[in-house]
Structure formats: structure tokens, C-alpha cells
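A short write-up of the structure that comes next.
Chains: A, B, C and D, in written order; residue numbering restarts at 1 for each.
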Amino acid sequence: MLRRTLFGTALAATLAAAGAAQAQQTLKIGVILPYSGQFADLATQLDNGIKLYVQQNGDTVAGRKIEIVRKDVGGIAPDVAKRLAQELVVRDRVDVLAGFALTPNAMAAGDVSEQAKKFMVVMNAATSIITTKSPFMTRTSLTTPQLNDTLGKWVAKNGGKRAFTMASDYGPGHDGEQAFQKAFREAGGEIVGAVRIPVENPDFSAFVQRAKDSGADVVYVWVPGGAQPAALGKALAERGLANTGVKIVGQGELTSEEALKSMGDAGLGIITAFNYDYTHDSAKNRDFVTAYRRAYNRNPDLFSVGGYDGMHVIYEAVKKAAGRTDGQVLIDAVKGMAWESPRGPVSIDAETRDIINTVYIRRVERRNGELVNAEIDRVERVKDPVKAAMR
Amino acid sequence: MTGAVVRPLPDPHAFLARRARWSAPEILFWLSTLLPFWLFPDYLSLASQIAVWALFAISVDLILGYAGIVTLGHAVFFGIGAYTAGLLGKHGWGEPLSGLLIAATAAAAVGFLISFFVVRARHLALLMITIGIVFMAREAANALHWITGGSDGLQGIRIDPVLGRFEFDLWGTTAYGYALAVLFVAFVFCRRLVNSPFGLALQGIRENPTRMLAIGSPMRWRLQQVFTFSAGLAGLAGAVLAQTTETVSLESLGFQRSADVVIMLILGGTGRLYGGILGAVIFLVARDQLSDVNPRYWYFWIGMLLIGVVLFMRDGLLGGLSRLWDRVRGRGA
Amino acid sequence: MTIALSTDGLAKSFGSLAVTRQVSINVPQGGRFALIGPNGAGKTTLINLMTGLLKPDGGRILLGGEDITAAPAAARVKRGLVRTFQINTLFLNLTPLEAVTLAVCERRGIAGHAWRTVGAHRDAVDEAFAILTSLRLGHDCLRLTRELAYGQQRLLEIALALATKPRVLLLDEPAAGVPRDESAELFSAIAALPSDVTVLFIEHDMNLVFRFASRIIVLVAGGVLTEGTPQEIGADPRVREVYLGNRGHLPATGSVGGGHAHG
Amino acid sequence: MLTTLAGVLFDGFAYGMLLFLMSVGLSVTLGLMNFTNLAHGSFAMLGGYVVVVLTERAGWPFLATLPAAFLITAAVSVVFERLLFSRFYRRSELDQVLVTIGLVFMATAAAAYLFGTVQQPVQVPSFLRGAWNVEGVSIGVYRTFLIAVAVVIAVVLVVGLETTRLGQQIRAAVDNQRMARGLGIDVDKAFALTFAVGSGLAGLGGGLAVEWVGLDPAFGLHFLVYVLIVVSMGGLGSIGGSFAAAVLIGVGDMACKYYVPELGAFLIYALMVLLLFLRPQGLFGRR
């Protein structure tokens, strides 16, 4: 461990020297995202957020011209992610590592950030512990427990007594399920049943039937975005679960724009916790959505905001550091930073370097003929509960 | 056969010795693998992963190219090797070389068990059994997430410096040296194997199983032996990747990895050991370059390359090259 | 005289079609037996049954008095029951030297050795080369099998069989498709085998059959019609009728005439 | 308890029918023509995009887009068959696998380029939505519709192959190419037609699947594995076999999820490996 640290210091010194030679020239940002493969759409939206920010705020900050180097990691592939991060550092000599849609990739690249003392901005990956991998890392998206812990408390407080949970059987699903169950129990609720769903699951009828048979008054769902929310919605509609007065609750991806389109009226009444929706009512967000639509002909989502805010953090940190780019300076500049995001007021926790933001509780309603997530409640300044409990 | 000229009989020993001898291009090739240290010091991480994939491709070549067993499930053994090495590193056994051996042994042991299922089947059933096994392995690894870390990947792997001296660094210098050394040693073993009577028997099975029965060969046993050895090699490759990157994910035993390695092997050419190495170089360099040009649609060009090679070069790029070489030499003579 | 190979009531059907009916034959050690019969008589099926490529529905197969009915194909080869194929069954992308060396190695039980090179097993290579030379394949044994002339490939079939040191050799039309002058040569090579090797061969060329066989078994519609010396068979009117039809006459032993009964 | 079982059986059967529609074409081309076409799932994806584009952008009614999905996919597949695949009929299985996998890569990238990586929603007419409640068992309308389509297709295929002149020609061409040519049958045409019908069915299946399982560029690869499981378990070239295997997988999958969800997809793969180990030719295979 000692050797590792010594080595890291020597390395960082070399790189800093190399960086200094380049100072006043470009600010290189290496972005690692799954541009191809099954997570490609997520990467597209996130990258759009990055591009829009640069477009709106100019490509020069603190006298340095921004240059973005994009690398495709192709999916969940920490070995590739780590290699790309290494290459970005040693070959492309980037000043900042950014992007990171998926937890394993972010964790692997975290090693590089720590070793090379590089500022790293996680713009999506949502597992709590990621930010503990490197002291030079911050996050501008959210953590899964942040949303689900809040949701569990809220549901218990608002009349839910007996909950059935169903979650995708992999890391993020487990995180969400556990956070919800813990919070729900602590707030006085009872978990009457739980089921874990295979990750690649095209049909939900059997699980919805189980939930229905369990006699719960709340059904909590955690599924990844993509094809699954729509498929789930259809199963819910066919089983007529909503008609029986059971509340369906979950994390925001469940009722994303695309999911609502293909769910149709089956989605009505679903309650979700999330940190952003394009319908959020604020001047900042209206401008953001308008600009985003003009540029990319679709609505932004949480990934877009993660990328957009991630760039904001980089710009502001570099400004504050007056163009210096070594990891310690930039991470210090970020600690405690607060700003107005399209999602509302957000800040970076000075201790954990993780995001603090508002969690909105939304219900699917029909407005002007369209299904939208209408905000019905909000919890402000939510920190990641896992790291809060660690201390 | 007029009998007027008495042709001298050829010397079989000289012929076989020539076959087994290291040729000048081979020696040159292996010397050239050292060039990246000086020519492309910025690309050593990539080079180390190419060496890992090359080793993996060679393991597949032994069973596909030499013994004729088509598999789309070999990542199972790659993954077992990777997880074994990773788990050792995570739980305090950071010494890399012994970790490699343990990982390869574990993969070979599982390979031996699975060989009973594989050597009986042929055609579509064989393909589907190998695919089925790789999906089962992935499901199992996800279900055992308290051991494997599930979809978050195995975290907290710490590997000691190689031989107590060479630490794995950011530039990938140690990683490449290490991966290259393992590749070379494994290659020497494989090279001896394919030039041995056992290697001849494997080619016999590929060429004509009926004839192998007629000369009394215990074919299934031979196939099981080579499958086990190949599984061990794949495990070795997985272990090197886990050690040099200090990370393992579920995808290391996924279907995609199984398919990619076969594609590399086909691109390079089967049944020649070097085909796997060439294929790994082409695939990964092409991927690196294409995805830099366009991170989103590079798979299109990989697909096109694959179709082109299968369509026009039936024995891969190496086969095409060697035919070209023969023609040039034939004209010269 | 010891019996090298015998079958007892051997039977095999494919669906409703009985291709082998109660075949009982005895071949003494050192015998040179011919198996003849019209196309579709079940000659190749009989060889497939005896060598274990097919499983019989009934009956027994004995090799040197031991029951091998249930033994796997490779085990029968190990005990000295070896065959050649009517249709070339060779390793097209290996050289004859490699192919025969492989067969020698399998027999010697060293084909599982994976560390020393083939060339390092000098004895095996020498033995393989000697077999190839004895069948006049020595000059071409370093070319790929696929490049050999057809007649040479037929010889290689025999070379591969010899490399296993057979006690009983079953030859399925060894000269099929070989020009007449070469086929006699080929049979001379067979005739030159050690006298303790038992040979059972299928052949359509009656010249060759009558020249090289000590006894002839006639198979018709899956069953044994008759068995006897060449003279007896040549004089048997039933054989004449079912096998040769009324097209020709059976040649006297070793004389000209006859020819391919079927094209 | 019984109503639960009935519900699981119905949903499993419907899911099986979806798999049957997507895989029967591959069973036909693989079994009759001996061509291992891994791009079959990509043809299903094409059918899906036809349905989405025609309903969402051109405003066609959903039911009218289904024949279009069949025809357009069939037409596109014939182009590939004539230009590319026909060169591989005599090549090894591995070559076939690789060339079609190459095509899958290209199709995936092309779909991402043309339609974006986003999930494509499709709106089915209201009379196909919702569910009936029969004795406490929820019977999805769309699922019933799927079952009906699949059963009709199965009957048409069996009758078509057994009784029509074209069906006889195809079977003759497959059994003995040379003899079929001698009888004046255009073998190339018969193969092209078979391939078109097989792929067209995949397109139809893909079009019908969007409503249930969604559509994105990864669709082709995602369903390929399920399709291959159905085909290999059913036995090559056996329409009845594909039907039976699809029902088995559909019901088995659904029942596993309901009763033993912790085992996930593991059981399906284990079932397949075991079956193919014991019966490599599949349930109803001839070889």
C-alpha cells in the first residue's frame, strides 16, 4: 500500500509536469461511456447533456480551451473501462475523467483516478460506494438509495402499510429494494413479500400475479430503464392491479417518457421518486428543455441532466482553480459547491463529494391529453443515506 | 514411374524436424512483440489486453482449429480463471504467479467436468449446449453475488508486484511484460503440443473421426483431454486480465466474450496458433481505432470485416497471407 | 486350425428392412477369404457390424474365441480387428507420413504424449516410413494426402490398416475405382502380408477374387448363400444364377474372363 | 390456487406462441435448407421497425402493418439470400454462423443509426388492449390475439408444406437437389421462397412482439438465444416440434418465474442443455 502511494505520488508529479507544459492551452476531458451496445441510448442522452452545456457556455474556461476525448466502453466491461481510463491519462494526457454510466466501469476507473490523482466526475452510475474508490471523485447524478430510502419513508407516511417488492436481480436492483424495505419498515410498514426478477426479463405477468396474490396495498417495483418499464406496465394493466386500489410505487425510470408512451393509461396513478423530469416547473428547466429539444429533437432525461451538471461542475471547478487542473485542487474546489440545476437546487457534499439534491415524489396523471409525472411532494437536500449511515 | 531414373527416397526425419523447428519469421515475430516497449509506450495497456485475448484465442484454437469442436461458450473458463485470480487477490493472496496457476487449475477442473457434455454432441446441439452453459454460468455468478460481487463486479482486488519487484503501473509496462511472458510460455507449451503425437491425433479427429475409430483411437478421451487443457489456458488468460486490471465483471464469462474470441480466431485463421494472435491484434486494434473514429457505430465495420473474411478468405487472414507467400515464393523458384 | 474371426447368427435391420440375416461364418487364422455378392447384399454392413460401427440386433461376434459383440470400435482395433473403407476415409490435410505415424502411435499407446514432438519418436516414424515404402508410397509420403493420385490414396487406406498391426484385416473393396493393372499390384501387396494375418476382403473383380482368395463366402440379400473354395463356388449354379446372372461364365481359377459383375 | 395456475398456463402459452412465431421460420430454413441463420432475430427486428414506423410515422392502423411487416422482411431477406447466404449453403456450420453474426452486428449498428437507440413504443388499437376476467383468471386480449395468429400460422404452414404443389417442390428440393432439378423444379427459387417465408414469419413475429416486449437495436441479439433454444429443442425442420418446444419454454419460463423466481433463467438453460445432451436431435428431430 505504501509503495502504491509513493508510486502514485511520483506518477502524479510527472503527469502534473506534463500538464503544466500544456496549461494555458487545452483542458482535456476524457469521457468514457457505453456508446455502443445495450446501454447506447443512455450514453446518447448523457452525451447530449455534455454537448449542450459546452454549446451554451462556450468551449473556453479560465483561459483554457475544452477538448473532449470520447471512448466507447461497449457495455459493462470494467477491464476495458480501466484500460481506457489509463490510456486517457497516459496517452491522451487528459485533465479530467468523466462520464461513467455503469457502476463496475466507474469503480474500475476509480482506481486510475486514485493512482494518477485525476479529478473524476461520475455523471450517472448510481451505486453508493462508487465515490469512496478515489478521493478525487465526485458525482453529479444521484444514488439509488437516495431515491428509494426517501420513497420508502414517504409511502409509509402516506398510508402504505403492507408492501410487496419486486426488483431486478442484480446490484442496482438489490440496492433499491433494500433501501426501500429498510426505510419502509423503519417508518412502520410491513414487507409482506419480495421477489427478485431475472435481469433480462421480457414478461412480468407471473410477478405481477404474485404481487396481486400477496394481498399487499403497496407494490414496489425496481426495474432498469429500457424495454422493461413498458412491459411491466402492460402486465399491470392486464392484471388490473390498479383497479383494486393497490398503489404501484418505484424509482423514476419506471415512468420515463418512453415507458409512459407505450404503457398508455396503464401507467395512470403510478407513484415514483426521482430527481428530475423534463416537466419540472422552473425557469431554468424550461430554458434547458427548450434548448435541448431544439438541439436534439427530444426531451432530456436524468442522464442528460447528469451530463449537463457534470460539465457545470468541471467548468466551475476549473474557474475556481484558475485554470489549474491537478486532482486535489479541483476536488477541493468542488466540495460544497452549490448551484441551480434544471432539476432544482443541488450541491456537492463537502465530506462525501457526492451529490445532494431534491427528491420529487410524482404521480402519473393525464394533462393536456398527455401522460406526465406530476409532482405531488418533494424532499429537499437529500444526502446519500448509505454513506450517512457509515459515519 | 518409368524406372529409368531412380528417385532417392525423402528423409522423413528431416521433414518432421523442419516442421517442428522454430523458423526465422517466427523468431522475428516474437522479437517484434518487444517493440511496443519502445515504439508505442502509450499503447502498452492495449497491448497487454491484446496479449490476453491472444492467449484466449489460442486456447479456443486448440479445440476449434485443431480438434474441430465448435464452441460459443469458452468464456466460462476465462471467467472462472478471472474470478479465481480475483478472489485470491481480494482475500490476501496477492502473489500473482501462484494465483495464475491456481486459477488455471480451477478452470481446467471445471473444463474436465463440462467436457463430458461437450464431446458427445455435434452441430447445432453442440453450439446450443455451449451457449446454454455460458448463460448458466453467468446466471450462477450473478446469483452468488456475495462471492462474486454480482453485477457491480469484483472489487478490492490487490495484486503484489510480479516477482516482488515489478508493480502494475498506469502505463501498463508491467502489465504488458507480464501478459506477454505468460502468452509466450503458454505458446511454447501449445506449440509442442500441436507438434506432438497428441497434436497429430487432434488433427486426425478434426479431419476424419471415422478413420480415427478405425485406427483404434480413444477419441472421446483425447477430446476430453484437450478440452480440459484448453479450459485451463482460457482460465490462465482470464487470470492475467483480472490481475493486470484488478477487476472482474460478470461479462468476463458472458456470451459476448465467447463470440468475440471465436470471431478473432476466424479473422486470424484457425489451426495455426498464430491465427489467434493475429486475430486478437486485428480485432482489438480495429476496435480501438474504429471506436475512436465513431464510438457508436463501429460494430458495423467489425461485422463487415467478418463477413468479408469468411466470404473471401476461408482460412482467415493468416491463411490468405500464407497462400500469398507461397505464390510469391513459387514464382521466385 | 484356430478360428480367428467368427460370427454367430448375426442380424441387423434398418426399420423393416433386414440387411443382415443370421450370418454365421468362421474365418481361420491366416485365411484369405473373399466376401462376394450383388450390390445391396449387405457386405459392407457386415463389416460395419464386425468392426463396431454398427450395433447388431442379434447374434455374436468372436475374435480369437473372445466375444467382442459389445466392445467399442476402438477396442476391437486394439485387439487386432482392423478394416479399410470402400470410400476413401483419410486425413486429407495431413501427409501420409503423419497419418501412418499417427496410426503407429495409437497402436503403441503413445498418441497421448503431448510434450515430445512427433519427430522425436524416431521408432514410430521409421516404422511408418517402412510401411509406406513397402506400399510404394515412400516418394510421395510428404505431400498432402489430398494431392495424391486416387490409386495412391487406396494404398494409403491399406497402409493405415497395416500400421495397426492387424491380426484380422477386413478389406472393403480395396481396389474400387483403381485401374485393372494397378489393382493386381495392390492385391499382390495384400498377398505378401505375413501368413498369420487373416484377411477377409470384399471384391467385385472376379479375376482378383479367384486369384487371391483361398475361400469365398457368397452373401445374398443379407444372408449367406454358400461358402466354399473358388472351384466349388465357380461350379455352383446357384451362385451363377443370383450373382452372375446369365450374363457370363465364371472364370477358371486365375484365368481371364469375368470382370466386374457390376458397374 | 387453481386460478393462479390457470393464469400462469395461459400467459406461458401466449408467451410460447410469441416465441413460436419468431422461431418457426428459423426451424424451417435450418431444418430444410441446413442453413444456420443467426440473423433471424435481426429479421424479426426489421419487422418490428416496419410496424413502428408505419404506425407511428405514417399513421397506418396497427393491423394493416402486420402483413407489411411480413412482406417487407421477406423481400429484404430474399435479397440477402440471393446475394450472400446462397454462397454458404455448402459451407461449414461455423462459416454460416459467422457470416450471419457479422450481419447481426451490422444490423444492430444500422438500426441504431437509423432509428436511434431509444425504445420504440407502439400503440395497438383499443380493442386489442385490456383483459377479460374469466372465473378469476385474467385473459389478456392481445395475448389471445397472438395465440390465434400463431395457431393459424402453424396450421397454414403444416397444410402448406404437406399439400400444396409449392410445398411438395420444396420438400423434393430439400430431399434431393439433383433429382429435383432433373424433375424441372427450380431449386434456387424453391430455396429463395422458403427463405423468404421463413424470414417473413420472423418479421411478423417481431412486429407482434413490439407491443409486448418492446423494441430497440439490441432486439435481434436478445431474442436470438430464445429462438435458438426453441429451434434446437423442437428439432430442426419440425413445425410441430417448434410449436411444442415454444409452448414448453413459454410455460416453463412463466411457471419458473412464478413459483421459483430465485432460480431465474437458470432452469431454462439447464433444461435445454440436459435435453440436448440426451437427445441431440431435439424433441421431434429426425436426425
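Observations on the structure shown:
Rule of thumb we're sticking to: a residue touches a chain if its C-beta (ideal position, glycine included) is under 8 Å from a C-beta of that chain, and two chains touch if they have at least 3 such contacts.
Keep in mind that what you see is a predicted model, and the values were worked out from it rather than measured.
Number of steps on the shortest path from chain A to chain C, with steps defined by chain touch: 2.
Distance from each chain's C-alpha mean to the overall C-alpha mean is smallest for B.
One simple way to say how far apart two chains are is to compare their mean CA positions; for chain B and chain D this gives 34 Å.
A separation of 38 Å divides the Cα centre of chain A from that of chain B. Chain C and chain D, compared by their mean Cα positions, are separated by 49 Å.
Chain B and chain C have centres, each the mean of its CA atoms, that are 42 Å apart. Chain B has residues 139, 142-143, 296-299 in contact with two or more other chains.
Multi-chain contact residues of chain C, defined as those touching 2 or more other chains: none present. Each of the following residues of chain A touches two or more other chains: 36, 40, 44, 169, 198.
Across the whole structure, chains are in contact as follows: A-B, A-D, B-C, B-D. On chain A, the positions that touch chain D within their shared complex are 36-38, 40-41, 44, 169, 195-198, 200-203, 205-207, 209-210, 213, 226-228, 230-231, 234, 237-240, 258-259, 261-262, 264, 298. Contacts from chain B toward chain D in the complex involve residues 64, 70, 72, 117, 120-129, 131-133, 135-136, 139-140, 142-143, 255, 259, 262-263, 266, 296-300, 302-307, 310-311, 314. Residues of chain B touching chain C in their complex: 7, 9-10, 12-13, 15-17, 19-20, 192-193, 195-201, 203-204, 207-208, 210-211, 213-219, 222, 225.
If you check the complex, the residues on chain D that touch chain A are 4, 7-8, 11, 15, 109, 112, 116-119, 121-123, 129-131, 133, 138, 140, 143, 211-218, 222, 253-255, 257-258, 261-262, 264-265.
Interface of chain D with chain B (complex): residues 30, 36, 84, 87, 93-95, 97-99, 101-106, 108-110, 112-113, 225, 228-229, 231-232, 236, 262, 264-266, 269-270, 272-273, 276-277, 280-282.
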